[in-house]
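In this document, chain identifiers A, B, C and D correspond to the written order of the chains, with residue numbering beginning at 1 in each.
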């Protein structure tokens, strides 16, 4: 059994991560920390962990582990990276701190200057694009949830030079705002919204640009779900047919355990919809063309799973030499 | 036009009150205060007031008015009552501070000791039970939302001596928790709940007891709506038939503008359901018997309307000698 | 009092229309018909009409009126137009049958061939673009809900030649699917969806193209609200600044009673969101630029109000020479 | 691997059952039937089964199996019981047909006369009360969802003679109405309801009476969740303290794998709430006393899991001699 620690286990991502790890066949959670909840039972924050016996500790008391997940607030990883690296040979980061390789992008989107030593390479935690690097890496940074959906749904086109600048229309449920999200995310004010909270310039946009190698513009709307992220993008594909496009996706993703091509001519579930992905680690992707040279590319995920904790466990499996799907086989709960 | 001021206009009740007053044919809002938002446009907190031109002021700057609504946090009215009374001959209080006449109940449920001078009589703001007192009163205290539903649905039985001790099962949407309601009322954590947050001893229970003159026990469950309160109570009615019970309700409420008896043998809307009352000032009540001496008594309201701001405006109309239904004729929005 | 009849009063649009007409100061509803519900009280379908005394009749029994609304299923108006025209000098159609002037578009999007006599001119029921024609018209066709939001939000750009082909991203709540909407719109299956049900070619797309004079492509996603439509569109505006764009919108809409420009730098309600429009007849529009020549244009409405019944009453007011805002002043219910 | 067939696999219960069985370590699904969907892929109805390769067949083509689940509409089991019994030595019934042992109750609540041969004994499928009988049984009938919650939460009191007549207040999400649930359960009409659809006499009431041996009266309210059932009951416990009551529950349930006693003095998750049980097979129970001789007894389940498919698989495990928790260890998804 591999020894795993989670730093910052109080938020929704931390809770989901712990749920996955506690039921994982080859790892054990040796420590969970929370700056604010040290000493309390983990189940007080995360009811699915009732009976787990886990209790929050302090980060200062962490002992060595085989791998440490960093799931604190954005900005916290940069501060504790050296300490963490001294305790574990492998680190999976769930904050935004090292998602971008390009320091200029980092400064533009985050206003953060990255000093030399912290430019230590983190591999982008998308096994579908970087499986071998992740397996060999000591440090992996899990991408943002909307970035994950956009990148995976558009990558086959990018790989074939079919993308130029792209507009991504992203929709996100409320769990993406975290466990302490303020009055604007209170139930009364967030229920039923179509709140365009980032017309342009959302931070995940930078990740899409960097990963796909094209200029991306992302518009983000807060939607009424708790879980779920969906991204749409319209792409000019000229003479390329839907059949050819579907062929590209099949070619790239046929063997992927967590990417499914969803494109049904009929029925209720014709295209990627986060509604059917709750609790699963799938990224469903789809593409349709309109007969006039335009394609609609769709991606959907459970933002706390493939968009965060699930993706992180998938990376962990690769980094520890375990089967990639261990702990991640839940097929989604439906209807909820 | 009567001059009206609202103290504490930033919360949901304050916003609803302002919406009603701004469209009221015989009053004008001369001031709205907020301790935290003085200087800002009211529409930043309450979008339905876009274009009203209202701006939050400071309570200290209030000028005389014909009637002042006190809609601050619970506990605030007791502190500012004398100041307010010096500015307006009539006060409608929407906090809990003077809902209970019995000082012992107040102490038991709120832990507050009421000193002599503040024992100044407030009339209970339920026109259906106290219309004439309200019309003559200088000070009216609007009851709690769940109390309103329970009292109005059970009053015809209480008036006829058919109630002994009662158990009230109350369900409440998230807007009842106010505009700043903490992490437990965040969208992610409050969505989809059936959270029994007060198994016994909720403060509104005391109002029911006092108003109906019987010992009441209330269980409160937080439910997934934003707006809406429903109360159920089972009552032993012995040999009294459903027909006779319905007759009692008709007798008491036939002329009431805002109480409707809802009891349809068929259809989707057979009994009181807050779903069909959104934005309206109605309290729908219903009663069914089981053929074995037991009756189910149901009440439903929009908690921000009949359960707070709507009820308050209804009282204001009476206190100012205006037609009771002025500003309150919206029939409910459906479906939402 | 003008005499008004409603044909097809059982659906959501019919119910909303009746709610507005019953509370309208200058009209009376003289008849409501339903093919399936003749003989039943209208309140069995529409609870806000409790106490109205309205009862469904048969279309065959209609008597002359000043104006008749046709709110049946799509396709029904074409069949009964002549009969209806014999009963009333003025008709407002809420079906899709005469929304498109171009017979070729009609055939392409609906598969319907329009024969000569039925090419009788219907004016597009958007007062903001066609106020004088509507006031003079005998026949007005209210546009589709998503078309209304897209057209009003993009019209100022179209009028200034700033639009070329456009992509419209439309999101719609479940009430748009009507009162009998099948298993796919059951609560269990529709809750929490992000269902792209029309990637391309939605019928409202044709209306946008025709009204704005540019080729439009519309993608429609079913979202978890009951009420509400939002449309987004990204437009290349080159060197035109946000300030200049906002100026265009102000110029066109400053005097419009039901179009508001919403563009706040801060706060919870920065851009058009149907959440704050429930029950209101407003169309909120907004525009933001990204500093790189691209603008995001947003529109939001309550689909049953400005997108159907509210827009229809606004047209009726103009057609009957009444003040345009009569019966339509409800400012929106918030929060719900 | 045991061979399992599912008759009636198109509804929500059927889908959930298949999801559990497909991931179960010791069984294989050899056939799934649907009267209306024979020939189609199962994933068209149940997206979590994407990739399973399962296809609906016809009941007439069923081959022998080790155990057959009957998950059709109520009333269907009685008709096909003999046919089914000829194919499999063990049957788990998820319809209501054989839930009641008492033929008189059956006739009163269902209006069904049970003829002699079909009085064949079915064991009540509640392992917590009947583990040994289930393990030895050929035929097991899974109780109704609300009955399950009520029975398990009240059984410790019934076993100790502390119950007399009881009133059960039951709340149920929309998935309990099934996959084809009509206009009243459309998203627009079911969202946000508090619909008392059974003030008295719900069929599950009969099961509670029979299982607990006391007269039960159940009031059922349709609530806005998709999944989840909660039952509350107030019980006069006289001098028995909360501590003693909790002791009884611990005594009875300490070793139960799927019943948890939830009673926290503080925090967001103090009492049983279906919100935290989504996808899990737990029944959370709780009890609080008010200091005046009254106890509030609470139960919560995921109605499609412990209230149907999960409970059925738990019975299957016992009937086949497998570990009771196989296939049922998912701890619940939170937040959703």
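We adopt the following convention: a residue touches a chain if its C-beta (ideal position, glycine included) is under 8 Å from a C-beta of that chain, and two chains touch if they have at least 3 such contacts.
Please read these numbers as outputs of a predicted model, since none were measured by experiment.
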If chain centres are mean C-alpha positions, then the most distant from chain B is chain A
Would you mind telling me which chain pair, A-B or B-D, is linked by more contacting C-beta pairs?
B-D
Report the inter-chain centroid distance for chain B and chain D in whole angstrom, where each centroid is the mean of the CA atoms.
38
Which integer distance in Å separates the CA centroid of chain A from that of chain B?
45
Where does chain C touch two or more other chains at once, residue-wise?
12, 175, 183, 188-189, 191-192, 226, 335-336
Parts of chain C lying in touch with chain A, wherever the complex brings them together:
167, 169, 171, 183-184, 188-189, 191-197, 199-201, 217, 219, 221, 223-226, 228, 230, 232, 234, 268, 270-275, 288, 290-292, 294, 296, 298, 300, 335-336
Spell out the residues on chain B that touch chain A in their complex, using ranges where they run on.
12, 173-175, 177, 179-181, 183, 185-192, 226
Chain D residues within the chain A interface of the complex
12, 15, 19, 22-23, 44, 46-51, 175, 226-227, 260, 262, 264, 267, 269, 276, 278-280, 329-336
